[in-house]
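Each of the next two complexes has subunit A plus one more chain, namely subunit B in the first and subunit C in the second.
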Partner chain A sequence: MSRQEIKSEITGTVWKILTTPQQDVAEGDTLMILESMKMEIPVIVEDGGVVVEITVAEGDAIQEGQVVAIVET
Partner chain B sequence: MFESILIANRGAVAARIVRACKVLGVRSICVYSEADADLPFLKEADEAHEIGPGPAPQSYLDQEKVLALAAKVGARAIHPGYGFLSENADFAEKVIERGIAFVGPSPRFIRAMGHKTRARDLAAERGLPVAPGTQLVSDNIDDLLAAARTIGYPLMVKPAGGGGGIGMLPVHDESQLAAAVERSRSMAQRGFANAEIYLEKLMRTPRHIEFQVVGDRAGNVRHVFERDCSAQRRNQKIIEEAVAPGVPRDVIEALGEKIARVLTDIGYDNIGTVEMLMDADGTFSFLEMNTRLQVEHGVTEEVTGIDLVASQIRLAAGEPIDAVLPVPPKVSGHAVQARVYAEDPKRFLPSPGVLSTFRVPEGIRVETGYGEGCRISTFYDPLVAKVIAHGATRAAATERLSAALDAFVIEGVKTNIPALQTILRSQAFRDGQVHTGLVGEVMAA
Partner chain C sequence: MTTMKDAQLCEYDARKAHALGMGGEAKLAARREKGLLDARERVAHLLDAGTFVESGLFGTSIMAEERGRTPADGKIAGYGKIAGREVAVISNDFTVKGASSSAVNGRKIGHMKRTATARGMPIVFLGESSGARMPDTMGAAGMGTMLGNDPTQYQRMRETPWASAVLGHCFGSSSWYACLSDFNVMRKGAVFAVSSPLLVSKAVNEKIDPEELGGWRLHAETTGLADLVVDTDQQALDAVKTFLSYMPAHHRQAPPRASVPEGSGAEMGGILDLMPEKRTQVYDMRKIVRTIVDKDSFFELKARFGKALLTGLARIDGRTVAIIANNPLHKGGAMDVDACEKGTSLLVMADSFNIPVVILVDTPGFIIGKEAEQRRAPGKIMNFMNALALCTVPKLSVVVRKSYGQAYLNMGGGRNSDEMAVWPTAEISFMEPAFAASVVTGAEAGDPAYDAALAKMQRETSVWDIASIYAAQAVVRPEETRDWLAQMLEAHELRLTNGVGQHLMRAWPTSF
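Then we have the complex of A and B:
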């Protein structure tokens, strides 16, 4: 088991969170959708596991590289 | 001519309209959000007024704020630019109801063309070629599958309430259909406040060729040739040119004439663009009509010498088409435009930030709303500048454009310039072998 920090690739805002802590997620699942410059950017799970924590809330402003979730794989 | 025009927009297009107002001797009135207070063109306008916070729904999209300001400052006309309120028929109606001229077609045309399946029906009824497609579809999976079978795969799920590539999703087989419809519906609801969806046959490597039309208030419409806008990422254009390379001029002329006739028949009464797809076998089909000025209008201006923005305003003020357009319009040379976006050049992800250095090339047409020190915020689209090169030949125009892109100095945000250069320098683009899959192919190579 390893804790994986999921980081935002962009500066923008959190539009919609699609997962909750304790939820099982598989590779390719969408954790949340971010928004910047009229674009929706999904945050995709790279390795399946369990969501430990969602570290942002809908509407939050976020920076590129900021941790938005922690997934245990 | 109008004594004054309120420009209900921002950035490069607002700056462009301010320039047209100067040409026409019209008082230009800009609006700006708190996030845009330092945009340099605001100083060029005769007046500039803040209308609200950065998020567009609280400023540029807030109809009542725009209308209240227009009344307060005594604006005689409103130019909506492109995007924001430009294709909102309700807004256009409100503008007119308050005794202000709307620089665009009559609201009934905005409404008719804004609904994509109705626009397709209208085009088909009038004898324009239309790609195989469905009427609006429901969420019932059996109905969906049946509708899809009538046109076959691959197909594109498309929102009926708006364009711009938003919510358009390709579907390659039955298993992907339901999820794509659901996702497209959600994006459409969000983008256009209209969740209606339809299906259209997906062409594998079509070209996007669009016709610029110009009409007067009496409904006399002419076309001023075509643009090829096939170089796209995420269904949004990044390189546009006039005219379309390699398409026989008699084919273009016949189609342009037909489009102008259809629009004259229905009495279309300002500028607009009819977007068509051209299949690999040369077959054209109607895609949609945009009832507004287009981002890529500059390439048409460069090859025809027509000031489309000033023409649009003069036509909206009631001047007849013969007074506004040269007869007959002619094409001289070739023009290519590149859109410089604040986004990373590999994955095209947004890259907002402050333009700590911003030096634009000289001796070439650059359309921008920004200056050094300005912030490219997350609130709006990532367009930093449009660069438009004109040359005697396509090769010369492309060469000039490429050299100009090299001469940009931009620091503080990432830009797509390396990607634009890769495309412009690719053999396929140089050979005129453009199609909507070109950017993906060239970037993957």
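Then we have the complex of A and C:
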């Protein structure tokens, strides 16, 4: 098991959070959707595991590279 | 009566058995327990059965007192076949002095490289080595004997394909060859770096975890130096074979043509369903790529690096192609510095080995902002652009949705491809209309001036405008894309040179 910090790939705003802590997630699942460049940009799980923490809230402005969730894989 | 000849043959048998015994049963057993193949098992898995012919089996350390303890001097070299085609292979035997680089095994590598280059065959490096052998290299005489005696040792001119598998801890030469190779697969748990964690900790007084120093996540996600990551030795060796199946044996040959698997193109009818109706929503371009190319032929490279651009090898109608495609799933398809470097690296390989390039376009442009500028985005965008311009293999570009700004040129627009097709869903302009309307009017959505400007700009992004001035050579229905690409690959065959390009980037750096 290892803790993976899930980072935003892009600067934007958190639009919709689709997962909650303790939830199982599989590779390819969408954790949340960001709004950036007039587009809906998903934050996707690369390695399946369990969501430990969501570190942002809907409406938050976030920077590229900012940690938005922790997933234990 | 035992004759002199019998005794000599006995000695041959004994020495051969000793050399094949590598670092001894205890070390080999310890590896087996961990599920790792040894250097000779790796060669056996890589090559067609019974084809390996070893070069330098009886090589040992140059130090007289070490000769009995250095079977094959820790690096196993030779020739063999993969899918019936000749290759040269170097397999590091970590059980013999950590496969450290020595005067003798350096000669073996040099001989393999010279032969492969002169005779036109790929080289495979199976990496797992601890770096230069000490005390051989210590002192000025050690350096003079060992290092720097071959000025072409780390020269790369891309005469033949090089593939590397990082299968253990790799420091020094195994790292260098991994970086110099056209394809580098890494097994999880393996590490490659300039120096070992031990040396790092002594030199800079920093205790560091090997995974952090050079593990798979670092190289797959941050440095992009690993093209593929797998779980086992066997998968890594299979990946090398798959990579070579797309490649010609050398740069003066076209890639081999494969048969077309049954079912290729069967899903083309539904290709447009893979793209969302709303232009603000994203999708995974990999699904579009897999639908277009020959069934199961897409071999993605650097999948976790610079993800807004996806790259890989594939086949269309049995012909090897290099795929460069924006992936809106990541960053909306807006290319960052990593994406530019990833694209450049594929273009250089494709041109060097006569592989036509297929570009699929859906990008709002390049990522802009402070971070991008600090990472030298303008330079990286121009390297990418220059690489495309220097490509002498056929280049085919298909705009499936957005193509904006400078990225329009980098993705093959403006005569930067031999043929450019657009889907009716495509939109082409200098800037995303919503931003442009705001820049031009100084207003935001809801303002009548903004709304009018936006409506006009959106109309003007239509594919019919670009087709009518012949800046796009074709408008194709999405479901006809595979057929169009197959026909254009045929039309643009390099007939005058038997499929061989000019290799203007053969000396381009192998990493970035």
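Criterion: the second predicted complex is superposed on the first by the 73 of 73 C-alpha atoms of A that agree within 3 Å, B and C clash if a C-alpha of one lies under 4 Å from a C-alpha of the other, contacts with A are read in each partner's own complex, and residues count from 1 in each chain.
Convention: contacts are C-beta pairs under 8 Å (C-beta built on N, C-alpha and C of every residue); 3 or more make two chains touch, one makes a residue touch a chain.
Since this is a predicted model, take the numbers as computed values, not measurements.
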First (subunit B), second (subunit C), both or neither touched by A:40 = both
If you stack the two complexes on chain A, which partner ends up touching A:13: first (subunit B), second (subunit C), both, or neither?
-> first
If you stack the two complexes on chain A, which partner ends up touching A:73: first (subunit B), second (subunit C), both, or neither?
-> neither
Touching partner for A:55 - first (subunit B), second (subunit C), both, neither = neither
Residues on subunit A touched by both subunit B and subunit C 9-11, 36-41
Residues of subunit A that touch subunit B when the two form their complex = 9-13, 35-41, 61
Sort out for me which residues of subunit C touch subunit A in the complex.
-> 280-282, 304, 307-308, 328-332, 334, 364, 367, 369, 371, 432, 434-435
Per the touch rule above, subunit B residues touching subunit A in the complex are 187, 234, 342-343, 347, 349-353, 378-382
Complex interface listing, subunit A residues touching subunit C = 9-11, 36-42, 44, 46, 64-65
